[in-house]
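Letters A, B, C and D mark the chains as written, and numbering starts fresh at 1 in each.
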Amino acid sequence: MNITLEQAQTAIAAAKAKAIKIKTLMNIAVVDSGTNLVAFAHMDEAWLGSIDISQKKARTARYFNMPTGEIGKLSQPGGSLYNIEHSNGGLITFPGGVVIKNAAGQIIGAIGVSGDAVENDHKVAQAGAEAVK
Amino acid sequence: MNITLEQAQTAIAAAKAKAIKIKTLMNIAVVDSGTNLVAFAHMDEAWLGSIDISQKKARTARYFNMPTGEIGKLSQPGGSLYNIEHSNGGLITFPGGVVIKNAAGQIIGAIGVSGDAVENDHKVAQAGAEAVK
Amino acid sequence: MNITLEQAQTAIAAAKAKAIKIKTLMNIAVVDSGTNLVAFAHMDEAWLGSIDISQKKARTARYFNMPTGEIGKLSQPGGSLYNIEHSNGGLITFPGGVVIKNAAGQIIGAIGVSGDAVENDHKVAQAGAEAVK
Amino acid sequence: MNITLEQAQTAIAAAKAKAIKIKTLMNIAVVDSGTNLVAFAHMDEAWLGSIDISQKKARTARYFNMPTGEIGKLSQPGGSLYNIEHSNGGLITFPGGVVIKNAAGQIIGAIGVSGDAVENDHKVAQAGAEAVK
């Protein structure tokens, strides 16, 4: 099962609405179940460095089917996945990437958000993912 | 002058409408005047390999302020720009990328389209660029 | 708004003058608001490895609109942006990169300096940025 | 023997003066005898894609101690250096890169110019190289 463009654009619209609500500027990326980019939006004046980070967060979440922040807990010095960020052309393992599921609970893609403190990135990603049914 | 997200989404919507009209499936990317990605859309079932190509076309058009196909005429064996594609992390020099201008005629970004014969890619890109004022 | 070559060369001249004053040898890079390289200078006998680092510092500062050292505080093990350096083709997050603003306070680019202890890198970058009006 | 920053800046100033004289906009890069970047200038509104190309031309000229266009004659389909552009992180083998010699005739670096038709790129590079003694 794969996310559609319509679903991806719904997720981006919901994420953007959340970003506006909490008064921040975000980059928002949605990938499909094969980690390929489906849709992307860079809010005006959002950080340019987060264009890449939002896409890497989305892919990282789908690569391992968990929120990016969970992987970051394991990739610390001494951790079991230390420096896993070197794989796959670069992972981002702090919060802001989450998988997207359909109504049946199947993973159909992932969303990555970057542009502010990671707690806000995560909240905005969550809002995007929840808008997809 | 830089394209806004609203303008980029207008370009993508117009390009997508054109793609539907000519019965094809496209990947559509819009970059700003600094070649940073602003918005992207992958139509359902469009070629996956064109996700990257559409982005490279958009950047290539802005890199040299001309339609990508014009560069391709010069980069052929024996041509004055032979193998220019090796620069900038990879250029795409066949048709499908064009600059986007504002009403005042200033270049504010570029659009790249990939997913079909290059003549169709170019037509769809053109439709997207013309929708921005 | 984008930095001009004249402004970039003014920044480099001021940074170089500061480097001479504090008796050190620096690499100095200036990027525009889209993170594209505008001007660069490698002082004779300065570290060769810092040619790349100075450019990455300039881009990193503009990517997130803050001094590079601020990002480095957050990217440590256990920090909220741990291993962010894996994004954007490689970031440099220790001091030496700062944004450049025009007289109106708008960000028009960034300067990155590398070649000595990071405190000196930062001082020299600051001197370069302040020379632009 | 290695080019100094002062010599590199002299080359860039002479190349820029030539570009202004023939009414064009150029990117100008100077590398040392080890192919490391010494100085760079992007003229306002010059092609962004030529920032990378000018640097690759300078390195290519020094890699093989000949004008870049000479290599391009040999890298054509069927030629003895077919597709040599794949090496060294990407070569540019059309005109616009030439070595820089000191008064004693020793190669001390190279200059690469990009921004217009390759004949003009070469002329501007030549003007830059000849300004160094």
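For this structure, a couple of remarks:
Quick note on the criterion: a residue touches a chain if its C-beta (ideal position, glycine included) is under 8 Å from a C-beta of that chain, and two chains touch if they have at least 3 such contacts.
No experiment lies behind these values; they were computed from the predicted model shown.
Touching subunit B and subunit C at once are the following chains: A, D.
Although subunit A and subunit B share one sequence, what matters here is the overlap of their interface residues, and that overlap exceeds half of the numbers used.
Annotation, subunit C versus subunit D: rotation angle of 180 degrees from the Cα superposition, expressed as a multiple of 5. Averaged C-alpha coordinates put the centre of subunit A at 25 Å from the centre of subunit B.
The distance from the centre of subunit B to the centre of subunit D, with each centre set as the mean of the Cα atoms, comes to 29 Å.
Counting partner chains per residue, subunit B has residues 34-36 touching two or more of them. Taken as a graph of touching chains, this assembly fits none of the simple shapes: it is neither a line, a ring, a star nor a complete graph. Chains touching one another form the pairs A-B, A-C, B-C, B-D, C-D.
Taken in their complex, subunit D has these residues touching subunit B: 47-50, 52-53, 56, 72, 75-77, 83, 85-86, 90-95, 117-118. Listing the residues of subunit B that touch subunit D in their complex gives 34-35, 59-60, 62-65, 77-78, 80-84, 86-89, 91. By the touch criterion given at the top, residues 4-5, 9, 32, 34, 36-44, 48, 51 of subunit A touch subunit B in their complex. For subunit B in complex with subunit C, the residues that touch the partner chain are 32-36.
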